[in-house]
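What follows is chain A paired twice: with chain B in the first complex and chain C in the second.
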Partner chain A sequence: MIAFIIQRLLQGAGVVLAMSVIVFVGVFAIGDPVELLINPDADQLTRDAVAHSLGLDQPLWRQYLIFLWSAVHGQLGTSFVFNIPAIELILQRLPATLELALGATLLAITIGIPLGLIAGLFDNSWFSRVIMAGSIFGFSLPTFWVGLILILTFGVWLGWLPVFGRGETVAVFGIEWSFLTLDGLAHLALPVLNLALFKVALFIRLTRASVREIVPQDFVRFARAMGIHPSRVLTRHILKNIMIPIVTVIGIEFGSVVAFAVVTESIFNWPGMGKLIIESINQLDRPVIVAYLMVIVVMFVFINLVVDLLYAVLDPRVRLGSTSR
Partner chain B sequence: MTGSNTQQSAVPLRGAKEAHATKPQSNLSKLLAFGAEFCGSPAALAGIVTLGVVIAAAICAPLITPQNPYDLSTLSIMDARLPPGTSNFNGYTHWLGTDGLGRDMFSAIVYGLRISLTVGATSAIFALIIGMTMGLSAAYVGGRTDAAIMRLVDLQMSFPPILIALILLAILGRGADKTMIALIAVQWAYYARTVRASALVEREREYIEAARGLRLGHGQIIFRHLLPNCFTPLLVVLTIQMAHAITLEATLSFLGIGLPETQPSLGLLIANGYQYMLSGAYWISIFPGIALLVTLLSINIVGDRLRDMLNPGLKR
Partner chain C sequence: MTEPLNTMPENEQPVLNISGLSTVYNLKIGQVKSVTDVSFELARGEILGLVGESGSGKSVTGLSIAGLITAPGRVVSGSVLLHGQELTTLSENALRAIRGNDISIIFQDPMTTLNPVLTIGQQFFEVIHAHRKCSYSQAMKEAETALIEVGIPAPRERLDNYPHELSGGMRQRVCIAISLINKPSVVIADEPTTALDVTIQSQILHMMQRLVRERDVAMIWVTHDLSVVAGFCDKLAVMYAGRIVEAGPVQQVLSNPAHPYTAGLMDSIPGDCLPGSRLEQIPGTQPSPLQLPSGCAFRTRCKYARNECAEKPPEVAVGSGRTAQCFFPLTEVQNVRRK
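Right, the complex of A and B next:
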């Protein structure tokens, strides 16, 4: 187990390093690094001085090492727009994004898995057909367009729910959270629903496929033939077996929810890091872009690591250490 | 196992050939039989017909639209934000209304569809070619080449597509060519993985051994012998990825980092309408969205049907 964890950690470190090379080459070497670090209005003398003090007259590999060294120390430049360290800016926005992503994942699980179970168990009923047809819709509808429809319906026409911002927040351990106030919850409702919809469709399909795979197997038929109560067969035999793929996918999809939050945050004006990155791209606030990319890569490597471990813990068939092909 | 991605779970489609191999048939009659079976499902028939209409509309855009939305001389600001069904000064009725510049929405949508479909299809096909070549080489050569390519595929698939596209566009900047590069970079891995899976099996068959025994060139074996027998699964991935490419392009354009303003795809049209939506001019955003939705839905239904037909494991 420990060898497995170490192997995965090393792999993760490799990915982060590879990404840092890509980001470095993309943003620093192709673009002008001086522009990245100083005010665009500065004159030529200042530029030369900064270039020299940053060691930009040095060979590329040494520049990369310098970039890496300062990145390890959390120095990725200062935002042009907000005039505070970029990394700090990203971390300030992180809780808002996490709140949204966690809410959406929870909602997707609580709607998607039961519907998928029904569709899988009663394969030919009209109800299952409606669920499956709905899931095709869920897949086909682009997230951003659903967001617009939600705003139009609940915000503009019905006027039931607020559509912009986080609403009232409460500080716990110095971090602001929306879900602890009624107003915050109301603000959270539409973005969470928007972000969850695609994943609901995914969980319906995944659960249904797993159920249809498990139900015809001998141990389920045997349990039924023994006269075990259907609800017990469901919880002890079926659910237990379908949970392995589902839990794995929940883990993997959490990362994708964080990434997709970019779209939802932009539409609902949610002050998370996704909205920040889009604004930064449009305003050419490059230190923030670099910081966002590095933070998100580290986060993904971490999520993948956790999923791998979870998978190994849940499924005794996975032989640790021999999983890599 | 970091690279598992659920959207591609229904990929392996092997064995469909064997099922039909008993009776020798001409290619044409096989195709007709396939078409007839395909249309056996009403939903699939509706899907393919709708898709045909959408593609035809996009190709014939100048013929069926009352207005060229890029020709600024035909636009009048007096016609701006007319609700659906109103007539303008010339007595022409805008059934889908007009946008903030007085453009006829129907014309804008058909032209936007043209751009969206072109970008989606071009990038999907390029991704197919790159992914196919990589996947086939990985399976055929094996060993370290295989390990290196598949590690790259795994790595890439552990990141969500939108994130990779976002990273690339943040570095490259906005533009049609850059958006297509991002879309290709996002998608090639799906084709590579699919084709490798079937090529690994085909590689062991006798005809490949025979081709090797004849000392045919590696390129010839890969593309003339291996590829035709691995192509069917790719077709399904192509359909589904095309829908993904169109969605992703629309999303990126909506966020303002995809296509430039001079090439208003459906995503950009929706973004442009967004500012008017809160003041009640819903049609500028909603109708392009419906066009996008209809396109995606028909592609997905066709893809679903193809997958069910080509995968005997799912047949009831």
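Right, the complex of A and C next:
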């Protein structure tokens, strides 16, 4: 167990290192931030001075080594634009995105899994067909369009919910949270719904498929043949088996919401990481882009580790540390 | 109608009394008559061998008795009396209380019958807890005893194992122990040894025989293998295309089969053949269950068939407690010549 975690952490470190090279070179290739940062009329001397102050006059490999050296010391560079440490900038925005991602994932689980169960257990009934037809919409409607429709419907026509920003926040341990105030919750509602829609559809389909796979199996028939109550067969025998694929997808989906909440955050003007990264790309704020991507990579490595550990908890056939997986 | 098979003491009421049981599957392509007009009786401690080719309706018979037929299948007629109580009209909940408690089933494939994510102990607990109030530790005590009875060494450790940690033979022993844990009076064993290799097969066979005798359980032993029933069962019922075509005490049926299908099955057992002589095979294949021949379903493959066989064959008594559904049951003379 401990050996497995250490092994995975080392592997993760390798992934992070490899990603850092790719990200660094990739971002370097996008363009020269000096052009964007200074007055186009400035002379060469000013340019050189700016480039030198930002460390951009160094060769790429040296820039990378400097980056690596400071990364080891917890510094991922200083934002060209805001002139504060990039990592600080990102961590400031992280709670807002986490709030969205957690909300969307929770909503998707609490709606998607029960509906998927119903659709899987009562496969031929009309309500199962309605659920499945509904899930096709969730899958195929583009997020930005749904976001706009939500704004139009609930924000503009009905005027029920705010569509801009985080609303009132409360600080807990120095971090601002929206979900602890009523106003903040109202602000959360639409973006969370927007982000959750696709995932609700995904969980419906995933749960249904898993149920349909498990129900005809012999051990479910045996449980019924032994007179175990249907509700118990569901919770103890079916659910426990379908949680194995579902947990994996929850992990991946949570990661992807955090990483790619960009569209929703832009539409609802949500001051999260997604919005920050879009702004930073526009301004070629290299340290922020690099730091953001590194944070995302670390997050995915961490999520994968947690999913693997949960896997081993849920499925006794999985052995931690075996290299065959 | 069907005459009961009389191998039980006169005064004793049969534990299980099946009469006229018919089950169909309504599929889009048509109606499959999986089980038609099946009748038999079973007394305490008695073992009935239910034999027939695969697809003949043996499993569906077992499931119908336990009330486990699900859509698109349906029990269309007949009665199942357990201790004189009619089961076919019971509510699902009342049936559930009987299943796993008074009637138990053992399935064919031990590799898939146990839940992969629950320990053996938990699976025992599930089945005990479904029928009576019982603490987990009390259930584990019972489970341990049950595992010893089915010949599993170090039972306490096994209780903490998951199914994948046990061998196939071990798992089938566990399944048997689980299905017997609530002391049922009827056990339906649906080819429980088919998936196992031969040595383990015979071990399990002997163990089952001992348990059934010790506990006075009535058992239906479903198999497609006529060679195992001889020393093991009391009675034999031979199924073909959903019907019991011949039934009776096992020795008499085997030594002197009345239905040509039974004779055909026996001739195709390799072990009973004289060395060097040709292994007989029943010609042709089973008819499609969607389009059974009129009258006797076996007539298309039967070398004794005549025109009359297109009518529904009568059920004739061919000896004490023996019946055959045939116009022209084989005589002893014919059987001697057959060999």
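Everything that follows uses one rule, which is that the second predicted complex is superposed on the first by the 284 of 325 C-alpha atoms of A that agree within 3 Å, B and C clash if a C-alpha of one lies under 4 Å from a C-alpha of the other, contacts with A are read in each partner's own complex, and residues count from 1 in each chain.
Here, a residue touches a chain if its C-beta (ideal position, glycine included) is under 8 Å from a C-beta of that chain, and two chains touch if they have at least 3 such contacts.
Model, not experiment: these values are computed from the prediction.
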Side-by-side fit of chain B and chain C on chain A, or clash: fit
First (chain B), second (chain C), both or neither touched by A:222: second
Partner chain in contact with A:296 - chain B first, chain C second, else both or neither: first
Which superposed partner A:278 touches (first chain B, second chain C, both, neither): first
Touching partner for A:26 - first (chain B), second (chain C), both, neither: first
Chain A residues touched - chain C or chain B, whichever exceeds: B
Contacts of A:308 with chain B and chain C, given as first, second, both or neither: first
Which superposed partner A:248 touches (first chain B, second chain C, both, neither): first
Three-chain overlay, closest Cα atoms of chain B and chain C, distance in Å: 11
Contact residues common to both interfaces of chain A (with chain B and with chain C): none
Touch list for chain A against partner chain B, complex: 11, 15, 18, 22-23, 26-27, 30, 136-137, 139-145, 148-149, 151-152, 155-156, 202, 206, 209, 248-249, 252-253, 255-256, 259-260, 262-263, 266, 277-278, 281-282, 289, 293, 296, 300, 304, 307-308, 311, 323, 325
For the chain A and chain C complex, residues of the former touching the latter: 217-219, 221-229, 232, 236-237, 240-241, 244, 314-317
Touching residues on chain C, where the partner in the complex is chain A: 66, 68, 96-101, 104-105, 107, 109, 112-119, 126-127, 130-131, 162, 164, 175, 178-179
Chain B - residues contacting chain A, complex: 1-2, 4-7, 9, 147, 150, 155, 158-160, 162-163, 166-167, 169-172, 243, 247, 250-251, 254-257, 267, 270, 274, 277-278, 280, 282, 285-286, 289, 292-293, 296-297, 300-301, 304
